[in-house]
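Here come two complexes built around chain A, the first alongside chain B, the second alongside chain C.
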Partner chain A sequence: MAKEMTLSGCAASAQAVKMAKVDVICSYPIRPYTAAMMELAKMVAEGELDAEFIHGEGEHAQLSVVYGASAAGARTFTGSSGVGVTYAMEVYSPISGARLPVQMMIADRALDPPGDFGSEHTDAMSCRDQGWIMGWAESPQEAFDNHLINYRIGEDPRVMLPQFVCQDGYFVSHIPGKVLIPDQAQVDEFLPPYNPGKHVLDPKQPVSHGPQIRPDQGAIMDLQRAEAFLEMPKVIEEAVGDFNRIFGRHYSPFVEEFLTDDAEIVFFIQGGHAATARYAVKHLRERGVKAGLVKLRFVRPFPTTQVAESLAKFKGVGVVETSTSYGGSMRGGNLLVEVRAALYDVPKRPLTTSFMAGLGGDAVTLKDFYWMAEILTNAVKAGRVGKTVYWAGLEQAVA
Partner chain B sequence: MSIPVQTQTFPMLKKLRNIPKEEYYVPGHRTCAGCGPALQYKLVAKAAGPNTIFIGPTGCMYVANASYLCTPYTVPWIHSQITNGGAVASGIEAAYQVRIRKGKWQGELPNVIVMAGDGGSVDIGLQAMSAMLYRGHDALFICYDNEAYANTGIQTSPTTPFGGNTTFTPPGKLIPEGKRLFPKDPPQLVIGGHPAVKYVATASVAYPIDLMNKVRKALNVKGPTFLHIHAPCPKGWKFTESKTVEIARLAVQTGMWNLYEWVDGEYTYQFRPREYKPVGEYLKHQKRFAHLKEEHIAKMQAFVDAKLKTPGVPIKVPVPLPREQQLS
Partner chain C sequence: MFNVPQERAVPFGCVTPAPIGEQPMMRTGNWREFRPVIDHEQCNLCMNCVVWCPDACWQLSENEEEVVWNSTYCKGCLICVNECSHDALTKAYELDFPDGVVRLEKPF
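Presenting the complex of A and B:
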């Protein structure tokens, strides 16, 4: 029988990984993700999970170990946070290029300097161009669910790509929430055993992985990876549809709307701060502000069509960025760049701007969201946005 | 339900004519004429046989073998980054352990062999190599040592000998000897701090049966093992392509390379010369040492003499002093 537990995001992730019956896990300690590995280590030690649990000698090694294990036919799991995520950078492209459906949990942490335990999405977002699937969870429940959904998508023969399954450090990874743990039979129905296909490293059918190519042979391989991302929306819809049916959930595959029916301004957001944003939207509604929320569930593949269709309905969109792209075209993060690009072909575009919020792991408070709403409301009134980026808590609310 | 993992056991080889005819590293690759690393690869693959998976960190044995979507391996082979051969091997070995245990794959545990150059072993690859050996994976890590980053144009590595002329250690007015440092000692690094390792050996392309048997002994051991294989590089060391085996033999005869096995704490030695030749006999055939002056050669001789006297490598005969007319 499915049971309800109170779990942190990390503990929920560990439960999901256990129920996915992974074969090889590779760990290295860094806060805050490491709590998930501690849970998994206990499960292996207690004999609750039959997996090889390898102590990597660093994040680079973690990704290298699961690269080898996945190539040899194992379902794999690893994870990291902050500078650990960027330390492993060399290995991300070889994994996606080899079409290995490795799964990596990221519980965000601000990059150095200076040492900062807080959550910020820049660690993961810096890796968004490496050919991995990427999306955030808002709650421990969504973290649990996303691990299963991502294995299913990544291991689909039409996809065969690795997945960054992200959750905000601390805000999700360490704040307990209610998590419905399903029956193993439900998980087994949703997630078939990993079938590595005919290209597995196996002495019975020898193949070579990753020989050198000429430059003119590179483009076609890049195109194949790109095409897998084009195919993916279909696979995601199927997977999320099956997930909702089997587990009785109501996920929207790509963008989830909250109180948007007659909304004029919306927050466009991914990850844990969406939980606060929901409260802010409710309070704003009580005050007569027609606010709503649109939550992004996958940033890779970026659901261009769905984002455009959703956001075109509103007058003002505030993209809540929790990561930086210094010197970028929007002078803030990368999400607004993506949002504006998605809206480019829409006949009547909403006003768009972005808010740098939660950087360094700072909390994004209700007050911050009210402040953002004020800027958006003023912009809608004025018919224009003053600038493309506002730093929450660090400047006055003038549009 | 847990299925026990079975491993292979290889018999030792006695004569060259008895070695397997099958090749698992076939002709058609793009290594240089006289390539020492290619020769040892062929021997290693022959000794290991068909139930083998090679991990190939970036280096000559990646670039010159696995070119343009073609590879010479008839057993599974996977490229790894130059940084992570040991870690990728760890993952592969772990995957087979768990897949066999869970009944997802039937057969004896494949030989998992990392074929790394000196850079991929004891320089940028050291961390991953050490961790694989430390963690006790049932895998063989081979350092084929051509004493430089050869594929990128002969740059110095930690095993480039003192006095080596590489493109990063060119001799000049201020630095007449070229390379100023003495080389790292890979097998001693492994022996010194990896309690899970029970078998370490050095080998040379000049002694093929010895090399192949050391591969087999390593593979017969359950757990991590390490081989350090001397593989002369005609292009990098600048000698005639037909002399690869002679150069390799001279390295052993001069004490520049020592052949030994270390089995759980005990050393045994192979092909130890009755009398060591002066190092100049080895140096004079290689243009990478052509710039060396007598004082440099004396320094190198002293290094070799000291190495031969270190605990664990006892010598029975006196080591000759450097001769004066060694470089003609």
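Presenting the complex of A and C:
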């Protein structure tokens, strides 16, 4: 029987990884993600999980270990946070190039300027162009579910790509919430054992992994990954559909809408701060502001069509950025760039702007969302946005 | 859809069959600017080149009388020249040889 537990995001992730019956885990400590590895180490030590638990010498080693283990046919799990994520940067592209469905948990942590424990999405977002699947969880429950969904997508023969399964550090990773733990039989039905196909390292049929290719073959390798990402939306829809059926959940594959039926302004957001945004939307509606929320579940592959269809319905869209791209075209974060590009071919586009919020692990409060709503409301009234980026808590609400 | 020329094809995940010795894909001999040249008179079969070559491009011949160079895969890193214990190996400019390969052209 499914049971309900109160778990932090990290503990929920560990439970999911255990139920996914991973073969090889490679750890290296850095907070906040490290709590997941503490849980998994305990499970292996107590015999609840039959997996190789390897301590890496660092994050680069962690990714190298799971790279090799996955090539040998193992279902693998690793993870990191903040500068740990960027320390392993070199290994991400070879893993996706080798088409190995490694899974890495990221519990976000601000990159060092020069030292900050808080959560910020820049660590993971800096890796978004490495050919990995990437998406955020809003709650420990969604974190649990996303691990299973991502293994299923990544290991699909049409995909065969690694996955970053992200959750906000602290806000999700360390705040306990209710998590429905399903039956093992349900997980087994949803997630069959990993079949590496012809990939597998086998002494009887020796293969070479990671040989050099010529420069004129580079474009071909890139094309193969690009095509896998083109196939992926279909695979994601199937996987999420099966997940909803087997576990009784109601996930939308790509974008989730909350109180948007008659909404004029919406927050476009990914990750843990969506939880606060929901309450802000409710309170704004009590005051007569027609606000709503659109939550992004995958940033890679970016659901261009679904985002365009969803956002085209509204008058004003405020993209909540929790990552930085200094000097980028929107002068703030990464998501508004994607959102505006997705909307470019829509005949009647909404007004769009972005809010830098939650950087360095700063809390994004209800007040911050009210301030964003004021800017969006003023913009809709004026028929134009004043600028493409506003910094929460650091400037006045003038559109 | 896309039209990938046969000679540029890459196997899935870049995983290639690996029989012992060499295989027809992913040849790297066209990386060379210099190649190592052996003087068999000087060579005492110390095997340094065989041990140090990162791509196994020096092998002991079947009759075990000399070391043999693999021109298809040698990248011209010249580690062997550096490690040779009897100055039997010297570097020579690739294009001075009639069969010299032009860097990164398709020679094979």
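In this text, the second predicted complex is superposed on the first by the 399 of 399 C-alpha atoms of A that agree within 3 Å, B and C clash if a C-alpha of one lies under 4 Å from a C-alpha of the other, contacts with A are read in each partner's own complex, and residues count from 1 in each chain.
In this text, a residue touches a chain if its C-beta (ideal position, glycine included) is under 8 Å from a C-beta of that chain, and two chains touch if they have at least 3 such contacts.
In this text the structure is predicted, and so the values were computed from the model without any measurement.
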{"item": "Combined model on chain A: chain C and chain B, fit or clash", "value": "clash"}
{"item": "Which superposed partner A:198 touches (first chain B, second chain C, both, neither)", "value": "second"}
{"item": "Contacts of A:209 with chain B and chain C, given as first, second, both or neither", "value": "both"}
{"item": "Chain B versus chain C as contact partner of A:160, first or second or both or neither", "value": "second"}
{"item": "Partner chain in contact with A:68 - chain B first, chain C second, else both or neither", "value": "first"}
{"item": "First (chain B), second (chain C), both or neither touched by A:90", "value": "first"}
{"item": "Partner chain in contact with A:220 - chain B first, chain C second, else both or neither", "value": "second"}
{"item": "Chain B versus chain C, judged by how many residues of chain A each one touches", "value": "B"}
{"item": "Partner chain in contact with A:51 - chain B first, chain C second, else both or neither", "value": "first"}
{"item": "A:100 touches, of chain B and chain C: first, second, both or neither?", "value": "second"}
{"item": "Clash-bearing segment of chain B relative to chain C, given 132-140, 240-248 or 312-320", "value": "240-248"}
{"item": "Touching both chain C and chain B, counted on chain A across the two superposed complexes", "value": "206-214, 217"}
{"item": "Footprint of chain A on chain B - complex, ascending", "value": "2, 50-53, 55, 62-63, 66-71, 73-81, 83-84, 87-92, 94-99, 101-102, 104-105, 107, 110, 127-128, 130-131, 135"}
{"item": "Chain A residues within the chain C interface of the complex", "value": "97-100, 160, 198-199, 205-217, 219-221, 223-224, 227"}
{"item": "Touching residues (chain side chain A, partner chain B) in the complex", "value": "23-24, 26, 50-52, 54-58, 60-61, 64-74, 76, 90-91, 94, 193, 201-204, 206-214, 217"}
{"item": "Partner chain A, residues of chain C touching it in the complex", "value": "2, 4, 8-10, 12-20, 23, 25-26, 28, 30, 104, 106"}
